[in-house]
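Per-chain numbering from 1; labels A, B, C, D and E assigned in written order.
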């Protein structure tokens, strides 16, 4: 069926795609390119706030952008994306139905994004390196952990975590006072942070080579650290609760080749690729067929189960990542603590 | 002889030509005639305006006033590449990216002379300077003397009305310089082109030139043959600049020249009354017991062909220099020692008065 | 002039030895990171780090298949060629008046020209970004990156060509004029052939500077990628020895370009000479 | 002055002898024609943007769009925030330290190069000093992580030698690491500048000093050092100013502690805080301008790069 | 007189001193004595090893062989700052960051002379060279001549046993050079220090030196007073290098010297049998109808004190140069024209034979 599609699509094009590194693999891009004539050209970013700025400024330079849960809503309200009709994309039949009906992505004009993966952000630690294991966000400020912690450099989310730590109601919509209390928490945490990692991979690497003892990172990190030849690390679900993401691919409304995006997604989001993606990046995805494949294989079944590959509804229990109410205030508060 | 010369056409005529750079006067308005076929030297100390004069003729500098004619044609407003003159620069300015013959042919190429003629004329020019064999050598491989000859060939091949030479021997060492002076002189005799030659070396000018213009401070001080300039300098400056001279300040006092220091100095009978100084060349000064001027020998130095004797006149600041000539083997002992009291004199005709 | 070591000095050898040792140490300091870079490109381990497990060419084999790298490479080269062309033309044009015109405040002009070299690229990058996106409403992309890089690179071209021109014996031009060459002929036959090596060197340097430029490019390239930006993303988003392989090849490439740049002029001269000899 | 004369003479060549006054004036203007494209390039794409930053530093943004009301808020924010001010001062201190070290290392190096290395080798060795410029700047910085990091080359060697065991990191993710990498990055700049002037140095002066009874050390101190003052200043400027704007080196090797002002600026702009970023840039530019004014005498160094 | 000189102590003694740079021999092993208080010149063409010799004495170059003594002390292995010599460099090497008096005091400061003494001695030295008033001027503001005098003061203030001078006048123009030669000579007479002076200008060497060592190709060719060297050159090279000379190849043939071109040339009766050439100075050659050598006048040039006549000998390549002396006013017409057939001769005693 795909053959007829590529001919109907009309020739080979390049799709500019602003995304994270764990949304694709090079051989996948190559295979999809050969098959459909659509070459995905990814440009990487680290922070939703970055990405939305780039889409705002560069508009027609991209056809597709990746984004997290409530950020998609902001994209929509800023008029940056076109909702899609999932039913026209064959591959969406492989998705869990819950993923196709998140209410925050539901819009009269269509679905805001093509669901991809999700994860909570939690604490991992290396039991060989810390005497008293952390139990909560607050406990991370313990001077005993000086220079032993790493987190990703995502200002909004770090502040949201700080909001969790200081028990505010809405971590993404903190008031001025709440924000400065959260900033104080980060300031207290700062001496313990060895560095802010540019990307999740780096967190894994630092844990693996024992540069740090504690990482604030996604589900499945224990496997990835082990895969990278690192030590056994343990997960802690912080007592204050945590945040998490549900991410997706969106169609940029000014994209020059945006009409080819569904065709591209159709090829990219097939269960074989998604299963492989799970193995490489180790956090749950919304592709039910992939989940089935993984569960059927004894080598991966245990891991897929442990990482909730079969429980997509769990994703809705987290505080979802999203834009801050006053994004600038968040950025400023973060800068004031870290400078960078 | 001067009759013969005067009938020749003038190769170059400067009329009231002056040059200012901003407010600085590099050249006072001057008139100058260079006769056809002449070897003419501009001689003067550094900064006197020699190069400026040459550049005016070559067209590299435009005059602030006056007109310049070459062979009767007014060229004042022509750019360099339209003037019938060629220049030999001090550093020769050979094009380093071309070989010898390419350098020589450059001017012909620029004036779109046919290839055949170019070949013929460049061969001829190279033959003239004796470099036929080096035609295809890169110019970097040439010695100083060869480079100079290439520069000459490159200029002469264009059959210029006038050849301008700006201290072409200035950078060479003494021996080579002497040799090239002889060559230059021969080439001039062979081609008959007018040479306008700049130098600050008076010996070189004397050795080469038919006529010399002595310049100073942007003005021409005297024009004349080497003999005229050496024997009858018009000013103290010329006397001092050309050769070595004893200049004795003083004035005419009832038919005799009385030096400022009191003694009476022999002078020609036709010395004008406004004479301010006498010029006496060292080779004219004799140590002679019959002399009327008493002096003390302060130093002696043997210089080879001559021995130089410095003399001071008692109770005065005047120092005289005498050079005593001696053929090598007949080198008579000068017969004096430093400290000796002697008398000196010179032939009255050997003294020449200047009025400044 | 005799060298210092020649002076009768009791400790001469010792001083010489110590200084030489120091010199070698500094070269080590300069080259160890590059050696490490190259070494790691042969390491089998996926993560960049020691100890080296086994040596492999696998990372080099990956390069031809990597669309991102190919994209980045081709846009680097495209941008590089544009920047080279623009900066060489503009820079050469500016070098002439800089050296030759009656410039009143020549040293002030020189300082102005060096400013883009000295001012941190960060400032140039952000200020140009503001200009393009906010004032001129031009969308960032290759063309804006080309402009930005040209600002950075042109001063180098000016300085290099100016240096060459400074050493150019003006009498050659006057001689040409004296021999009947007009302005165009003087340029064509004398000036340009003689300063060509300077222009070539400037162009080569412009090209390498452009290809390695990151800071300004990163601000101005928009959705595009160049090699340094690709590398930056790799560093940011999980580096593999593939990048080292790429960098090693690039190093080899620039060295080849420069070796050619140094070797060609003497070669041309020699060939020209031989031809002249044969023609005779 | 001497250089001005031939220039003036050529001006006359082009003016030829065809001088009407108006024409001469026109020619006079024409000699500057070559500057035009460069003037447009630098004017429009260098000076204007820099002026823009100044303007922007007095505006503010609200929800990612610019509000054009003039205020000093950005400067106040910057100066009131301890992290910013500390980072700014830290950057200056870091710059001073790295610059002094770079110069101190480059001096004996250049001395060795000029005095102890045969002339024909000097060019090649100098070329080797700049060779690193031809490798990716980013990877050269990153390479230090591979050298100093927990699984780095240094750690591996020390482990092999039995000096240490296990994973250790050296200097990385802190100011000392940034310092080391800055010195590494800018050493070639300093060498180029100092070499250019040492090479021109009249070593007869050193011999004269020796001849007059100075020991080698005193001769260097009394005769060479004082005369190098100007070029040392030049080299310092050429190293210090770019360091003020560094942000990649601290980002890669600095960790949370090694942050410099450049990272702040880059971050402000990434977060669309254009006015605040502009204000920080203006402060940096101010330091640069002050330095340029103070050291204006040592700036005419075109030949440094030309070499 | 040579008896008196010999009793003086030697200021410098070189014994078998040679210098190689790598494989290139800059100086063949040589012996050289410079007497105390003497003005000694090293004279020779470029590259002959003059500077190397001076540097060996100054300690700037260490010898490949031999020993160097200064006033009887072996200094071969002493570094420059421990040798009792001072040098005037060709470019003077004044410290540009110090003013005149600081330059002069530098050596005293280095040897930690007290401030009071430093002041006194530097004042004295500046007075000696007549620069007392310029003490606090920056050296950049000095003229060439003043700079040279500062360099001299800076050296002499240290009371060196020997003053080394490496072409100190080389860069100056002719007039200034002549003036400074006189000054240098006076200073030497006043301070009595030994001067070892390097030059490639033979006139300068003749004018200044008590004794001259003529060098060529890294070896000393002849040592002697100016008279000895001019009048009795030991080799063709020396004859050619010092002054102008006519060198006539030939051989002794039963008591007369037969030129290679066939004519018989007058020579002294004690000419050795192995003579290969005769050296005859131009000033010794006379145009004289009684002369036995027929010649044709090829050119005449008026040079001021003398007129230079070039003569060619028919059926041979030999060219002779004769300089005809004439005091300015008594300048008799030379009496010949180019093309004239004349006879020339010289006094037998004026010819000197060389054996190479």
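Note that in this section a contact is a pair of C-beta atoms (placed from the backbone, for glycine too) under 8 Å apart; a residue touches a chain by one contact, two chains touch by 3 or more.
What you see is a predicted model; the values in this text were computed from it and never measured.
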Determine the set of chains touching chain C that also touch chain E. B, D
Chain separated most widely from chain B, comparing mean CA positions: A
Euclidean distance of C-alpha centroids - chain A vs chain D, Å: 40
Geometric centre distance via CA averages, chain E-chain B, whole Å: 27
Chain A-chain E separation of Cα centroids, rounded to whole Å: 91
Multi-chain contacts only, two chains or more: what residues does chain C have there? 7, 9, 47, 49, 174, 177, 235
Junction residues of chain D, two or more chains touched: 8-9, 13, 149-151, 204, 207, 210, 216, 247, 266
Junction residues of chain E - those touching two or more other chains: 59-60, 79-80
Complex contact set, residues of chain C against chain E: 2, 6-10
Spell out the part of chain A that touches chain D in their complex, as residue ranges. 49-50, 53, 56, 147, 155, 190, 193-196, 209-211, 326-328, 331-332, 335-340
So, in the complex, the side of chain D touching chain E is made of residues 202, 204-205, 207-216, 218-219, 222-223, 226-227
Hey, which residues of chain C end up touching chain D in the complex? 1, 3-5, 7, 9, 15-16, 19-20, 22-23, 26-27, 29-34, 36-37, 40, 47-51, 89-91, 93-102, 106-107, 110-124, 126-131, 134-135, 147-148, 150-151, 154, 156, 158-160, 162-164, 166, 170, 173-174, 177, 183, 208, 212, 214-215, 219, 227-228, 231-232, 235, 239, 243-244, 247, 250-251, 254-255, 258
With touch defined as at the start, can you tell me which chain E residues reach chain B in the complex? 46, 173-174, 185, 201, 203, 206-207, 225-227, 230-231, 242-244, 268, 280-284, 299, 301-306, 308, 323, 325-331, 346-352
